[in-house]
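Presented sequentially are two complexes of subunit A, the first with subunit B as partner and the second with subunit C.
Let's look at the complex of A and B:
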């Protein structure tokens, strides 16, 4: 049986709830879980001051309510499952190492920053800096998957080194900025300056995009590996237009300020 | 006002008063150590504990524009090391460049009660004083960077030494500094003017027809003539380069028999050929220091792990950024100095880093006069001040030292004498290199000892076999008579004071300096000198006592 947390009081200022993490709840009784300390703004409060706690923790946590003002849910988690029945605030799944977070609503910015493993699925939209590195860090996401069915904002996959980010809708500016490696798939439109400063890695889009002058067009081809990705995306709930399955892709290499080893693949089907 | 207090049953280490581990009573009243207090005074039972004066860090980088630039450069450093508040103290962030509040509290948690910021440009003095106001518990002061000041170099070149003396005094007094600091004297201006340019020898003439030796000599003479409590604090030329020990020896010889302090001498004790791996010349450097009582130095020990290179030696930072290949920042300091900052990690398996670590320990262990070789890591350049307890353990525990030696680059150990050195520091010697010695070198007569009239800055440690553990967590820390830490917990907050000097100068020098300002500086002359509003609680240390 899952542990059910229901938000009974909406926090006036952000609530830093990094204790809502399977690693930190295992072997605790419900009353101990209710007494866990978290920060409400700059004041320490108990989990029970904001959440009703029911059920039994068996590796799964189900959270009910609008958590737009609740930060750091599932941060550093290494196993188990968290399901959020509404929206979540900043830094959900930060530095996550394993397990699964499913968000039925939308996520604020900094979703899965510096993530190492596991999977985050967002049924709605996500904010800025999805799967990115924190300011000052040279490396962002190092593994795992972030699946967003809606749109994302700027700097998705900033400094990403490994893993997969899939966005069903559009992405903002600077998608894959300073990317080291890994794969980003944007099924919708991408904003400006995609792949700026990228060293390696692949950014794939179903639509054309205005690229920086430091990217050079290589060829048009049918990359066979993309079909495997599309098959996987269909398995996890995306609807892929059959016209894309055998689409030709334009391959652009860049960023030439970083030795031209990254690639951006743009589908020709909508050109 | 602080309460009266009587510390009883403690084993007292007060080297300045020849007290070496005696069970002795220490009485405190009105923030000072006194002969006796009334029976109503509170009692601190230090049974089974060691009582020492509060620690004094003679060379660290804890405040000012360059430290702030380092903080901004490394947000990741702070994120991983949050410093929580307590009911009495404020929160902050840590890492190798902690926030102002965390800096003060963390020094206190090691039993340190005074720290000197070792390099501040005159134009950054105001900022530094504001940060000092927010650096709690500890008393503090700073050394003002004048060794690459264009105006002063012009005076030296034109041999206008009387005006030079007055100008130095004006600069020190106007910035509320403690003494003058020379960093790679003569080297920054060539670098700022020409790509990759620097001086490589103490007698090499720059384009301005001036050698580092002329600059060093001029400053040593003026500071000794005016009798500053602390002599010029000198970061020699060629820091970090193989073969630089010759420059260091020549710099010390330039002082003759006048007082001079050589900063982070470990970084200046390398033999070998330029561009090749260095070897240790700690023995030669230690021998010179041992036989010249006019020289004091701090070691600048390298500790393995994360550090931040933060220096007014901008050419050095530029060279190092080529090795680290990471982020760095160079800060404009107008006509006064240079500044380069980059995150750095010292690693055991690297030859150079191991040799630096070993040379620092050699210098400590070869020193015959602990009063003149002072413990420092050049925080945060060689490592954080939070590594001091581990450094103390390395000095006090030969067995631990040998265990650590097994983990480092073995080729580097062959190029130094560290494996043969058996010496272990005593608690009395630790009290000298961390308390009494720096106080004496700084000319702080009311600090570094527990005699009558001394500032009641006192640390009480539990006696433990593991000296790292012992010096990491004092049971009591008393600052100016206030019980700051009791049973390892903060009991109150406290704002320490600024220590500075006010050397006298002829007001006419301002008329000579002003036109230079109007031509070359970004700020008005009238806005340059720091006025007294920027001083919080402060103490003027007397000049003119040690005049030569």
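Let's look at the complex of A and C:
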């Protein structure tokens, strides 16, 4: 049986709830869970001051309520499952190492920054810096998967080194900026300056995009591995337009200012 | 040195704190009877206006909800408000002395609040870029004595920093530039032809919003990387022009890139600044090249320095967990107000009530605001507690930092009946410290003994 947390009082100022993490709840009784410390602005409060705690923790936590003003849910988690039945605030799944977070609503910025493993699924939209590094950090996401069914904003996959980011809608500017490696798939449109400063890695889009002058067009081809990705995307709930299945892709390489080993694949089916 | 002649006092080598140039060669003529500056020799048009408009107004030194109160009462109310808040923010600081800024950081630390400066709405993106890319830097003195290639990018110093050309970068004769402008090549990159354009030997006009692409293309040319052939169509700048500029940059003796808010506050922001800083770094493979932001407010550079050496970060710093955390976009003031996070605000020498986004101003109207300002502003009008303070560099001494991080000592021209920012903030800090300790040792007395026992910051 899952542990159910229901938000009974909306926080007046941001609530930092990094204790809502399977690693920190395992082996605790419900009264101990209710006594865990959160930060309500600059005040230390108890989890029970804001959440009703029911059920038994068996590796799964279900959180009910609008958590737009609750930050750091699932940060550093390494196992188990968290389901948020609404929106979630900043830094959800930050530095996550394993397990699964499912957000039924939308997420604010810094979704899964510097994550190492596990999977985050967002049914709605996500904010800026999805799967990125924090300011001053040279490395972003290092593993795992971030699946966003809606749109994302700027700097998705900033400095990512490994892992997979899939966006069902559009992405903002600087998608995959300073990327070291890994894969980003954008089913919608991408904003400006995609892949700026990327060293390696793949950015795949079903639409055309304006690329920087430091990217060069290599060829048009049918990459065989794309079909495996399409199959996987359908398995995790995306509907792929059949016209893309045998689509030709334009391959661009860059960024020539860096190693020039990155690739951007743009579907030509809508050209 | 100050000479007194009946009611006229002359202050030599005074400092103008209107803009980041912080020119320290002013000769001020002060009418001591009327308490105003009648002449500011060597000042530019902006400096003359700055000195002329700061006179002594007949206004209460402190108000609570629009009613005149004593300064002590206002300090008590301000301290109580800040200590009782769960997410108090401190903002402004760029038009006050480093000594006052230091007190503001200490207050934010005690109340476990958020501290941010006007940097976050001007060169904040450059601050992020410095952290991400690094900064090849120099003083303006080095520029004056050595630079033979001066590039202004996204700025209009002829109108925003009128003495920048004459005092530091274009016309002054330096040790290795004895013929002044004849020894220099000046380049201006801007999306429109401003009043700075006639000074430039080369004017480059990119398509608005394409600075990043132009900088990226220059980096590619400097590095000898491939560049797509449609660069002119994309950026509005012909490949020949870019190639010529890249060659000039590689072959100069000492080059400098001055950049303004035309670069930092257009689409791409910190990546635009980062691209320019990376270009300067790339050029150091060939010659000596530096990059400097052209800062606006008189001591905004001091704010960056003070907040950095006290917290480790230049702006957008949060203490709510007892230690400093830096995250622009989360802890910068426009965000903490627009998201409705802040529940009290201490605004020092700034007027966000007139220039912030509507959503942020609306939130500011709904929380208790404490202001310190030399004038009545839109922000002081919505304040719960308002202090009228003396003007730095005119009524007070202190330290400010020029845009090249050089500290300069201020000279006072005439006295003000109002206390200065440092005095007010020191008093608030002391009272805040007492209240925090009293709360911490619940049941204790006034906390004064403990204050004495523990050295305040």
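Everything that follows uses one rule, which is that the second predicted complex is superposed on the first by the 271 of 271 C-alpha atoms of A that agree within 3 Å, B and C clash if a C-alpha of one lies under 4 Å from a C-alpha of the other, contacts with A are read in each partner's own complex, and residues count from 1 in each chain.
Assume contacts are C-beta pairs under 8 Å (C-beta built on N, C-alpha and C of every residue); 3 or more make two chains touch, one makes a residue touch a chain.
Remember, predicted model here, so these are calculated numbers, not experimental data.
Bringing the complexes onto one copy of subunit A puts subunit B in a clash with subunit C.
Of the two partner chains, neither subunit B nor subunit C is touched by A:36. Contact with subunit C, but none with subunit B, is seen for A:128 once the two complexes are overlaid on the shared chain. In the superposition on chain A, contact is made by A:215 with subunit C only, not with subunit B. Of the two partner chains placed by superposition, A:103 touches none, neither subunit B nor subunit C.
Legend: residue contacts after superposition of the two complexes on their common chain; A:192 is shown touching subunit C, with no touch to subunit B.
When the shared chain is aligned, subunit B and subunit C each come close enough to touch A:136. Once the two structures are superposed, subunit B and subunit C can be ranked by residues of subunit A touched, with C on top. When the shared chain is aligned, no partner comes close enough to touch A:5: not subunit B, not subunit C.
After superposition on chain A, the stretch of subunit C that runs into subunit B among 199-207, 307-315, 325-333 or 379-387 is 307-315.
Annotation: subunit A residues 42, 134-136 touch subunit B in one complex and subunit C in the other.
Across the interface of their complex, subunit A is touched by residues 73-77, 79, 91, 326-327 of subunit B. Across the complex, subunit C meets subunit A through its residues 85-88, 111-113, 128, 131-132, 212-213, 216-217, 219-220, 223, 225-228, 230-231, 234-235, 267-268, 271, 319-321, 326-330, 341-343.
In the complex of the two chains, the subunit A residues touching subunit C come out as 12-14, 16, 39-43, 90, 109-110, 128-129, 134-136, 173-174, 177, 192-193, 196, 210, 212-216, 256-257, 260.
Within the complex, the subunit A residues that touch subunit B are 42, 134-138.
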